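Paired with subunit B in one complex and with subunit C in the other, subunit A is shared by the two complexes that follow.
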Partner chain A sequence: MVTKPIEGEKRAFMTGNEVVAWAALAAGADIMYGYPITPQNEIMHYWIRLAPKYDKNFLQTEDEISAGFTCVGGVMAGKKAFTATAGPGNILMQESMTMAEMMRIPTVLVVCQRGGPSTATVIYSQQEVTLTCFGGNGEGFRIVYSTSGQQDLFDYTIKAFNTAWKYRFPTFVLGDGYQAKMRESVTIYDPEVRGIKMIEPEPFVGKAGMPALDRDPAHYRNTYNLEEELYEVVTAMAKEFEQIAPELVEYQEFETEDCEVLILAHGVVSRAVRGAVEALRAQGIKAGHFRPITLRPFPAEQLKQTVQKAKKVLVVESAVGQLEKIIKQSTYGVTTPMTNYFRPGEGITVEEVVEEVVEEVKKLV
Partner chain B sequence: METIIEPKMPKVWRKETKPHKFCPGCGHPLVLKVLGEAIEELEIQERTVFGCDIGCSLLAWDFFNVDSVQTHHGRTTPVITGIKRANSNLIGIAYMGDGGGYAIGSQHLVNAAARNEKITVILVNNTIYAMTGGQMAPTTLPNQKTETSPYGREIEATGYPTLGPEMVSAITQEGAYIARGTVANLRQLKKFIKNALENQVNGNGFSFVEALSLCPTNWRTNAEETWKFVEDEMTKYFKVGELKTPGKKEEA
Partner chain C sequence: MSKYVKIALAGEGGQGVQSVAAIITEAAYDDGYEALYIPNFGVEQRGGVSVAYVQISDTAIGSPKFKTADIVIALSDRAVRRTTRYVGPQTVFVYDDNIRNIENDLPQNAAKVLPIPALKIAKQELHPRVFNIVIMGAVIAATRVVDLDKAKAAIEKKLGYKFEQYPELREMNFKALERGFELVQDKL
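Now for the complex of A and B:
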């Protein structure tokens, strides 16, 4: 009965939430555990409508804590399980994601950032960067893809399933309310036609055979009795995370070869910055743009090299320095002057970025 | 010649992790022993997934020769729910204490029961938060002294002890199995646990067993006082017996 949800490639005009649901289907996800919170609800709505047609499952849980932990359970049972949330829900899901981090459970969590702190707005912000990258107790060994639009949402949701299963660290797709709710053109595809081989999931518990007779019983814990025991576990995890980081980091550069003013932004803001770079170049200002796609691990080395080439750096984000914090840490020792343009909870336009850069350039002269 | 008689333990008993890590006199190993026997007798070892909380129950994370997962305070129910929903062939057991089930994880217990999740929850009630040093639990009896009720639990200020099986019984529908046993009557407790697991094997619905248990360490009781408390004091408030069985309506 089950056919492929997407045959070949197709052009579509969709909201980001719809794109995520289709991407999860295309990636071969089996089950979604979810709890309503705006602005991610339609991921769930589309998934549950599509699910019976493709023999997929869904459970609406009692809260986000449960959605996170049932998701962990689903993955442990050998299914490609995923969940999605935002804002206060993201906070509640950090608990389960730290367990996934400790047990190396390949969870996929889509975050559609809304305003913060607390309930704030249900619309948009880039204020869940710190929480998504470093939330939870522990060290934040997880992978975070920051998307800038519908095509990214499709590509990176598919990718997240493979990244999670390959590296076995919790993997996040960090979108936002604008991407979730706006409609734009996107190419959706069966990963196979692009040569993407999806990794088959395997069970952590309930494998074939009698425990202790045919195989060892699977005993998963996230409690350790001794300091030394924990030190070994976390140190090994840190080492592995560091080793795989170069394979994982992704970024984009626009006009950075000869750029004097380097603009740093991630996610949907990157699109305004790209537009601004074009406009500034037309005015004769040598602007360039660096966009980290993975916020965790962060493309620190690549950024450092590009920052060193510029005379001035401008960080643009819809938050009060959550990205800037990571940038400053990653470019420690580089002396290029850095300023910022922060609009917490607000969208950022091409014109605003242009104006800001023109002001900064005046100061340079 | 000296003969060493080894006690008969169920096959799921994992010898490599024995002696177990519970305090001397703890009730958990008694509950776990009958749970192990029930698993063996029902021949479900191969497909059982055992989940436990933080707190004393976590010490059971490698207790059996069955697949296990140790999770956070109160989160065992959703983890086992997630597993069962993803693979209905597995037998999911969520094993927790009174804090995990009635305080921090109560929303999960209530909603899993209301949804009639086809899992088995076994909750060990020792009227106290034991691993954290003996604080008051939802099940602490009126006037019982704990670290956070040093003058005895005042009902005026803190309410009455939670009647878990009664609550679960009130919110579950047909197909649920609910009972309260005690480590003071292991044969009966084993029967209840076996019934609860069989209920899941038969795909009927949510099954829940509360086991009245012991904590001589935090109760600061000797053997005699310990058994007196569990057999006499606890059963005055927490009535032992089957509350709901599939096909039958509630029993008093």
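Now for the complex of A and C:
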């Protein structure tokens, strides 16, 4: 049996769903728990095709509620488990992910955003930002990476496993239907060749020795009887989340040094914005782009500084203000005027961002 | 010379536009280009307009969707109506001349509007099932993103397992590709 799914580095031409399956294998995932939903189906399909070759497992559950909870259970049993979903499935998985949040179980969930609300379209949107960052009852203590294409999907799926196991907060890779279904080139690699050491999973329950004598008892609670008890637990968690946030936040800036119009976008839309910045610069308009990669925790301090330098801010997203909400909260107190370009459920092109910015610049003069 | 071609290919679900897009982008990637292909369709298994967005470039490609295509190919009445929004003054608009009642819906602002008898040729000279390969030949002639040999190699890669069982299919597919190519090559 072949043990390494990827030897060294390789160029490939793949869909995002295929990339995720390869990345999970490269990251040493043991099992996927899954339930089919478009546009995420092929993560399961590719995983099922690849898994037996590398002695990995798969369980198709009866629905997403069950996929989420079996994933939590698999991790507790010591497996590096993951799952993937989209849209209505993401809603159903929130219950298990809040359980993971409370019990500090390192789950990895890949989301391929589709249109919403409800069944909506099976194609694409950026409308699962609020749900993925803050879904479920509780405070949304979780880590969310927003990817922009095949390379990100590979890099951040691998990273998500280490982040989850290191910090023990549920970790999400937030892709979308475009990335899931599109084909483009990508470099896949064995994490070791890039000096990435994968954290080995360990069981949460059923450990060797006698509880209380040889080791602490394995006692993971998601129920608290007293409000004071819950207050203590959640406050401690909030404090810890705040402390680790600076280590976790990731973002990219393009041409922001001298920029007058700052364009904010995340995920796949960031690619259109980058193209627009180039086109606008060629026209003599000083545009720049800030792309948050972690949406939770959010690179608030860094964004605040960049926003302060600009004369105008434009938020571009394939949703009605789900990113904008986070941005406004993060830049509270900054007075740079902010406007938006929302295309819920629709892809955004370079040309329309350019057009929008040109209009905004006219208003500035 | 830098190359950057944007193609929107649309038809009814089941007509094979997605397979064509997949084969073309694969061929371009194998030829050393950056390629990006994204399918777009509704929840139906069959029927419903199915659009393939293809971009081929010698540098990294940005957003998966674009506003204006260099070439638009529409294979049904609904596809014609749906894709005129991707037409600009530089766009070549190709449609099957078998489509009825779209005279008033054809784009007015295209660089060229080109009806081709792809369905007729597939039905009369070849087999209806290679209709999409005729279209593939037309796309290649219109865009020159890959040459015919590279396209044949890509078809072989995708359908080789079928050709092994039925060698006559290879000839039929290659013939379809060449006929599609001929339909467009001298008309641009």
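Here, the second predicted complex is superposed on the first by the 356 of 365 C-alpha atoms of A that agree within 3 Å, B and C clash if a C-alpha of one lies under 4 Å from a C-alpha of the other, contacts with A are read in each partner's own complex, and residues count from 1 in each chain.
Here is the rule we use: contacts are C-beta pairs under 8 Å (C-beta built on N, C-alpha and C of every residue); 3 or more make two chains touch, one makes a residue touch a chain.
Being a predicted model, the structure only gives us computed values, none of them experimental.
Superposition of the two structures on subunit A leaves subunit B and subunit C fitting side by side, clash-free.
In the superposition on chain A, contact of A:L364 is made with neither subunit B nor subunit C. In the overlay built on the shared chain, the residue A:N57 is in contact with subunit B alone; subunit C does not reach it. Of the two partner chains, subunit C is the only one touched by A:E351; subunit B is not.
When the two structures are aligned on the shared chain, A:A77 is found in touch with subunit B, with no touch to subunit C. In the superposition on chain A, contact is made by A:G275 with subunit C only, not with subunit B.
Subunit B and subunit C never share a C-alpha pair closer than 26 Å once the two structures are laid over each other.
On subunit A, the patch touched by subunit B and the patch touched by subunit C do not overlap at any residue. Subunit C meets subunit A in the complex at residues 22, 25-26, 29-30, 34-43, 61-68. Residue ranges on subunit B touching subunit A, taken from their complex, read 14, 45-47, 49, 54, 58, 61-62, 64-72, 75, 78-87, 89-90, 107-108, 110-111. Residues 30-31, 33, 57, 59, 61-63, 65-66, 69-79, 81, 95-96, 99, 103, 203-207, 209-212, 217-223 of subunit A are the ones that touch subunit B when the two sit in their complex. For subunit A in complex with subunit C, the residues that touch the partner chain are 13, 38, 119, 121-123, 178, 181-185, 268-269, 271-272, 274-275, 347-352.
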